Amino acid sequence: MHRTLILQKDHLLPLLRKLRKDNRVIAPVRNRFGDTFFTEIEDFDNAAIDLDQQPQTSLKSFFLPQSETLCRYVTGKHPESGALEYSFHAQVPVRTPTVYFGVRSCDLFAVMYTDLVFRRARERDIYYDRRRSDAVFISIGCARPFADCFCNATRSGPFLDMGFDLQLTDLGDRWFVQIGRPRGVRLIEEWPAFFTLASEADRKAQFQVELEARGLFRRHVHVDLAVKLLQEQPDHAAVFAELSRRCQDCGGCAYICPTCICFNIADLRLDEDGGERVRTWDACTFAGFTRMTGDCNPVDGETGRVRKRFLHKLLHDVQKHGRPSCVGCGRCVNMCFGGVDIIRCIEMLAAEGENGSGGRW
Amino acid sequence: MHDVLTVCCYCGCGCGLYLRVEGGRVVGAMPSRSHPVSRNNLCAKGWQSFAFIHHPDRLTRPLVRKKGRLHPVGWDEALDAAAQGLRRVREAHGPDRIGVLASAKCTNEENYLLQKFARAALGTNNIDHCARL
Amino acid sequence: MTFGSGAMTNSIAEIGEAQVILVSGSNTTETHPQIARRIYEGVDRGARLIVIDPRRTRLARHAHIHLQIRPGTDIPLLNGMMRCILDENLVDDLFVEMRTENFLALRDMLYRVDIAQCATLCGVDEEQLRLAARSYARAQRSVICYCLGVTQHVCGTANVRSYANLAMLTGHVEQEFTGVDPLRGQSNVQGACDMGALPGVLSGYQPVSDPSVRARFERAWRVELPTTPGLTVLDMTHGDGSSDDAGVRALYVMGENPALSDPDLGRVRATLAGLDFLVVADLFLTETARLADVVFPAASFAEKSGTITNSERRVQLMRQAIDPVGSSWPDHRIIIELSRRLGYAMNYQSPAEIMEEICMLTPIYGGMYHDRLDNGEGLQWPCPDRRHGSTQYLHKYSFTRGRGRFEPAGHVPPAEAAEEEFPYILVTGRVYHQYHTGTMTRRSDLANREYSRPLIEVHPDDARKLHLRSGLAARVVSRRGSCVFTVRVSERVAAGHLFATFHFAEAPVNLLTGSASDPVARCPEYKVCAVRIEREA
């Protein structure tokens, strides 16, 4: 089996339509208000697949929904002792084979990171795992980074070597197709008529696109330097004090971040006899996230909370997994109310390292 | 899952947000990127604006007070009781002894109808809301 | 009022382009986060930020000048600033000449003002006051944002007029990026006013006392309309409930919770309990609904369509996402059915049809048809007809009322002052994670987790004096009532002041507040109330 193929652009939609027969197909779709989300496509004739803008959200909500019912619980009395008893009835998601099309490298890389947390051998999250094992990824290497992208600095793009089932590269009139995981192989085997073998010239053209893409980044973010500075000395009190002065505690950065996976679990009583256990997105920048019974808060004060989030991304995950967990998608950059984003943090750390002075805006 | 663009129900900024709907339930809220106010972010309340919608405390049936306690009843009975009570006060004391409080959390259409209701159906200008509170 | 309409003159996006941003009586980062975002953007672009607030809010920490005035001293502060502007020849003479009236009255009043005295009265540094006046007046594009910290005083109307005076004196009104912007607290408070949910005006601020206005509505509604302005909310909720009282005997309440939100709660609850008949439509069994004779389950914002109008006059479409929960109904359906039973038939197929009627009868909403609003961002009023687009900022060539009128005002002391028995001044307001009476946010898990208890903010000096620590319970007592809060020692409040919110039914702060209100706007004085605080065992 050759690892590189060609898919004519005209044949992309027909291929997706075929895949739709046995799968959910999820792709970035621009709605009539101009916003682009990953959306399930039901009607291919009336969906505007948008590969020109960065989708506003990552794939996170498909694997870890913003809110989901984990189980229902029923309370009762033990027949003999009369003690209060709970019985739980898990609501595991139904199997739905799903093709994720048009996924960018950063978002796919983020899924690989969340796998590290939710699919560890002994602590598998059944909800995440079920959805994840039903997923096929057709990713797109970024020939043209978006305005705030810096995945080159986090080494999570613009093209990937692994993780995808198929990775497409735009060669003008045709897609260059690289095959990754076994499901990609199976997909090609099932629909061989759509693909032709790539020529040496195609491979050269793809290499050229990849090379050029690396030169097109507009933001030059010194992620490695920031990691090094934090490893030397994780305090940087002035930088984090300045950043936290502007944090408005909305949690937006964590919600939008493809690798932020903090969640909260709460029991919602529905009636006398029981209720639901619901998991919702949470954010480590909220005071309540770390507050314990009796009002003790190990991460107290806004500076501590903002610092904790950035240290998690840039230091703790390096210590634990060998690399920062920021994937350089740039989504948190333009959305923060106070401009407290990871690029600003890295720049302020770098500036402090350079001239030794405290972080200034 | 599908997303429905609407407006946040909290403060007067008026962020454009998408409610994420799955199986007839609202399961999330997302800011609109192209909206002139929200510009891809919401405040903490906005991100959580879906949370109370399916709360078990929601009133799901009309209630009417009988013998000092509120009892669940059907819509016809509740509407009849409300109309009767209002009519009784109007007949006994005149329309200007009835007051109507509109809401800064309801739509323009509803506020318009309610002031029309006060003025045309009840016959009083006693309509106000909590703009000052 | 001074200009002729009560709404933000600018758009939210314009605030970020101003050169001087003056924020007064607004905890913007917590109550209007999107506006605070624009203020930060402005500051990053080099704008000067002036904050007038008795509390050291988060925004005040970013301010170039923070005038930490005593509560209720806006007018002397502004008079002092205007005197400074007058003395230093920073008045926009051309604007004053061409666009305003009654300037001489203001000037004569200002000549009697002594800046040093004003500064002392407000408790601010005189030089800071002058500095603020100069930077506001000298910049080409200055914008004023104010919120309920300005209006919720016995002199609320005069406060607002004084800010308008300041803006007109320096010509900071008619252009892009410069104006006077009241920030509206709730999602559709602007729209509820626009729609005539007010005792004196029909939709579009058309007075009920004007026979020609009434005639137009009478023709459309086919009914004779009452001629005299009605009662305000305070008049309705503060009657004594007796039969010879001039107040109301029956009340229909749609989505409000006066039994927690209104001042002098003891009286409100007595009035509500004494009513002959109370009908409430709400999402939840609120404190008010518990007292009702009939409760209607209403649909939430996700379960109905219609429009709401934000602070910047933007009329936007709310779209129905799901079916009404349980057998709840949208309020418009409830009103239509109830009206029919009272012998006045209303026949509308949809909210869009209601809006068509609004468009016909309301000049500022003349072109707000639902099909036009279905564009993702709505339209800003005034929009008189279908061909008219959005109006980004108001008063471009003339004020709504023609010429802007200067209304000189003198200092009006708050209804209550600190005294021996009640030595502290309590200021009430909102916090970030809660909303109004908490009906919705307290049922939102994360929001409620972040701010779950009624707190009272106490300055460290006072805390030391009173032997209070964060986390302790403290009882706050006013002339009208008392409630118990958890203490939070904080430098956000000035010494001698306390701050509490009204979101919590378990500590209804409005048991303490008084019902003294502004004589014109009838806006209660929530921002000043004399109390004492003592440790609770």
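Note that the chains are named A, B and C in the order they appear, and that numbering of residues resets to 1 at the start of each chain.
Heads up, the rule we're going with is that a contact is a pair of C-beta atoms (placed from the backbone, for glycine too) under 8 Å apart; a residue touches a chain by one contact, two chains touch by 3 or more.
Note that the coordinates shown come from a computational prediction; the quantities given were computed from them, not determined experimentally.
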Reference chain C; chain at largest CA-centroid distance: A
Chain pair with the greatest number of C-beta contact pairs: B-C
Whole-Å separation of chain centres (CA-atom averages), chain B against chain C: 19
Cα-centroid distance, chain A relative to chain C, in whole angstrom: 40
Centre distance in Å when chain A and chain B are each reduced to the mean of their C-alpha atoms: 37
Multi-chain contact residues (two or more partners), chain B: 5, 16, 32, 34-35, 39, 41, 43-44, 50-51, 55
In chain A, residues with contacts to at least two other chains: 33-34, 248-250, 268, 280, 286, 337
Touching two or more other chains - residues of chain C: 33-34, 37, 376, 432, 445-446, 450
Chain C-facing residues of chain B, complex: 4-16, 19, 21, 24-26, 32, 34-39, 41, 43-45, 48-55, 57-65, 70, 75, 78-83, 85-90, 92-93, 95-133
List of chain C residues in touch with chain A within their complex: 29, 33-34, 36-37, 40, 44, 58, 61-62, 375-376, 432, 445-446, 449-450, 452, 471
Contacting residues of chain A [partner chain C, same complex]: 32-34, 245-246, 248-250, 264, 266, 268, 278, 280, 282, 286-288, 295, 337-339, 361
In the complex with chain B, residue positions of chain A that touch it: 31, 33-37, 39-40, 56-57, 61, 65-68, 248-252, 255-256, 268-271, 275, 280, 286, 334-337
Residues of chain B defined as touching chain A within the complex: 1-3, 5, 16, 18, 20, 22, 27-35, 39-44, 46-47, 50-51, 55-56
